[in-house]
Amino acid sequence: MSVLHIVNKSPYERHSLDTCLRLAKPDSAILLIEDGIYAVQQNSATSSKMQQALSNHPVYALQPDLEARGVNPDNMIDGISLVDYDGFVKLTTEYDRLQSWL
Amino acid sequence: MSVLHIVNKSPYERHSLDTCLRLAKPDSAILLIEDGIYAVQQNSATSSKMQQALSNHPVYALQPDLEARGVNPDNMIDGISLVDYDGFVKLTTEYDRLQSWL
Amino acid sequence: MKFAILVNEGPYTHQASDSAYHFTEALLRAGHEIVRVFFYHDGVNNGTRLSVPPQDDRNISERWSALAQQHDVELILCVAAAQRRGLLDDDEAKRAGKDSNNIAEGFQISGLGQLIDAGIQADRLIAFGD
Amino acid sequence: MKFAILVNEGPYTHQASDSAYHFTEALLRAGHEIVRVFFYHDGVNNGTRLSVPPQDDRNISERWSALAQQHDVELILCVAAAQRRGLLDDDEAKRAGKDSNNIAEGFQISGLGQLIDAGIQADRLIAFGD
Amino acid sequence: MASKKFLYINRRPPHGSIYAHESLEVVLIGAAFEQDVTLAFIDDGVYQLMQNQDTGGVGLKNFAPTFRALGDYDVNQIYVEQESLELRGLSKDDLIPLTYEDEDDDWAEKDSIHVVSSAELADIIEQQDVILNF
Amino acid sequence: MASKKFLYINRRPPHGSIYAHESLEVVLIGAAFEQDVTLAFIDDGVYQLMQNQDTGGVGLKNFAPTFRALGDYDVNQIYVEQESLELRGLSKDDLIPLTYEDEDDDWAEKDSIHVVSSAELADIIEQQDVILNF
């Protein structure tokens, strides 16, 4: 397996997600943590970008970070999977390399 | 006089400059410091935005920060004025309120 | 004119403390009065006396301490922010049962009210941060 | 599997240290080996023993110390980053002529080579930061 | 001492960093000084007011409920930028309802949150004496 | 011990924060470990390589000249993203020239900097064992 890209920045204040999506190869995965969580919201300025990303990459979001931010899972873009910290660890074993877009 | 808006973030990584320009009233001034300096470069993705800003606001850039970053003053968008730290202080006395877009 | 300065980031990591220092020096050159320099968030880390920067680099904490001494400038670390981050004076250390303190000469620990008071007293409040 | 963890931000200000801690706990739950937790940039501030957070809040430094003790996890602060920011152990303090030190139990100060070595030793290196 | 108009501008999301939390601490302390206080939530700052924040899983302190106390501290001029909400797919319904009791109107309960346009917010910024941005 | 491929991704501008400077310190230390080292400059990271940086006025340490030493440390795979340069109105001529002497080619002086497209950079990222992002 290839790279797990980890994005922890809000897509509205930083350009980390854009750069990640520009440089992530198809089949590499994307995990949203911390303020990166805000990219999951449907009907937002980010949603078309994320929908396109989902056609090339598995996309995950860290549930404890989602809950902390009060983002309703019902308002998540379809196709994003939630993981907890144990699932986060599992992902990091399934992908060969980890790239944190700090 | 009105507000001196101070922007210290790169226009390519953060949205601070956009928010500043959206919320700054005409005749308020804009001072670029630290990584905000990169907004001065002509023929860049930021230059049309800055040219428009210049029609509504006096725009200043902090020269020591410009020099630190190796930005050539010859490549600055026309109409931006350079100030040193003494000039920065002078600006803060000429405008009634200071707003740092941190 | 009376100025208050707010520093929101620690030394070295962000340019904020450097910019604030150069601005404060320029204020003094121009003869302005400095009500207070208030350190908040990671800004409290400017107040350590244990910093050992490389010899060819600036010593940010000592530079602030010297400014305080030479120009009688009040340097205040927010107590709540400082406690979280491990910046303690002798009193705070004793109260918390800690075996040592680490605050530098010229810095004082006080409440957030000093920030509001600075905003009220000063003609201009300027913030430096990330 | 062997993991190395890099923490680039200090306690409380950014979530990085919290995320790294919860991730490390989950690694241990899953039975993975932890080569080293390396603290760089403001991350070195996690190693203070002088932190006094509010009583209803987590104590980030103590939590790392406890993890080191219970699971024999190596916690390394980068020496150059630590010196700049005023994090010293007893040796460093004496060498620099400082009157006290402030490092917490379980943390050690060492060189940047330990980060590279961690990258070489570990099957996975993961970074948490701003 | 003359009263000054203080504006706190909140542009950062909660939890990813402590700025939002420590900013609220300033507002609460500041409320004791009897100045005229206004809060503005812009950009990612609007996320600070999201309902149903549950920080149990990340082990951070949840300070969002504290916003509800602002009315009791006479902090009831709270402006949220419409453009910032829309960009994020949010509306006022997603935000914690904040209210105060209006002593000039027989203690009627009133809404503290006002969703305003960028242009209105620009006017509000111009009316202040002291602006703090976290 | 088997050699690993290390990639350092630099995305932050210099001087506004210390990340770029402390990242370079990692690269220099890492060079002693005889691993395969690649550097990538993306987004604002390209500003780290700007010519004529003069930090005298801000009193910060100017670490830019240190990049010239990388060739002597066998760090000569330096990739700069074309898209990042263009967006900023920059070209390779604005960057510090970095070179190395190729021992496999009679010590001929060669260019260390390669301006590459996003697609090429994506391939380079996929070929690494350890990725460090500052």
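Going by the order they are written in, the chains are A, B, C, D, E and F; count residues from 1 in each one.
In this section, contacts are C-beta pairs under 8 Å (C-beta built on N, C-alpha and C of every residue); 3 or more make two chains touch, one makes a residue touch a chain.
All values reported here derive from a predicted model rather than from experimental measurement.
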Using the contact definition given at the top, which chains are in touch with both subunit B and subunit C? E, F
Counting hops between chains that touch, how far apart are subunit A and subunit E? 1
A correct list of chains touching both subunit C and subunit F reads B, D
From the centre of subunit C, which chain's CA centre is farthest? A
Between subunit C and subunit D, two touching copies, which fits better, same or different residues at the interface, with half of the numbers shared as the threshold? same
Averaging over Cα atoms per chain, report the distance between subunit A and subunit C in Å. 38
Using mean C-alpha positions as chain centres, tell me how far subunit D is from subunit F in Å, no decimals. 27
Could you pull out the residues of subunit E that touch at least 2 other chains? 11, 15-16, 18, 43, 58, 60, 130-131, 133-134
Subunit C residues touching 2+ other chains are 8, 12-13, 15, 19, 22, 41, 54, 57, 80, 125, 127, 130
List, in ascending order, every residue of subunit A touching at least 2 other chains. 8, 12-13, 15, 34-35, 64, 97-98, 100, 102
Applying that definition of touch, give me each pair of chains that meets it. A-B, A-D, A-E, A-F, B-C, B-E, B-F, C-D, C-E, C-F, D-E, D-F
Mind pulling up the subunit E residues that touch subunit D in the complex? 15-18, 58-61
Subunit F-facing residues of subunit A, complex: 2-3, 15-16, 19, 22-25, 28, 97-102
Given the complex, residues on subunit D that touch subunit F span 6, 8, 40-41, 80-81, 111-113, 115-117, 119-120, 125, 127
Touching subunit A in the complex: which residues of subunit D? 1, 3, 8, 15-16, 19, 22-23, 25-27, 29-30, 32, 124-130
Please name which positions on subunit A make contact with subunit B in the complex. 12-15
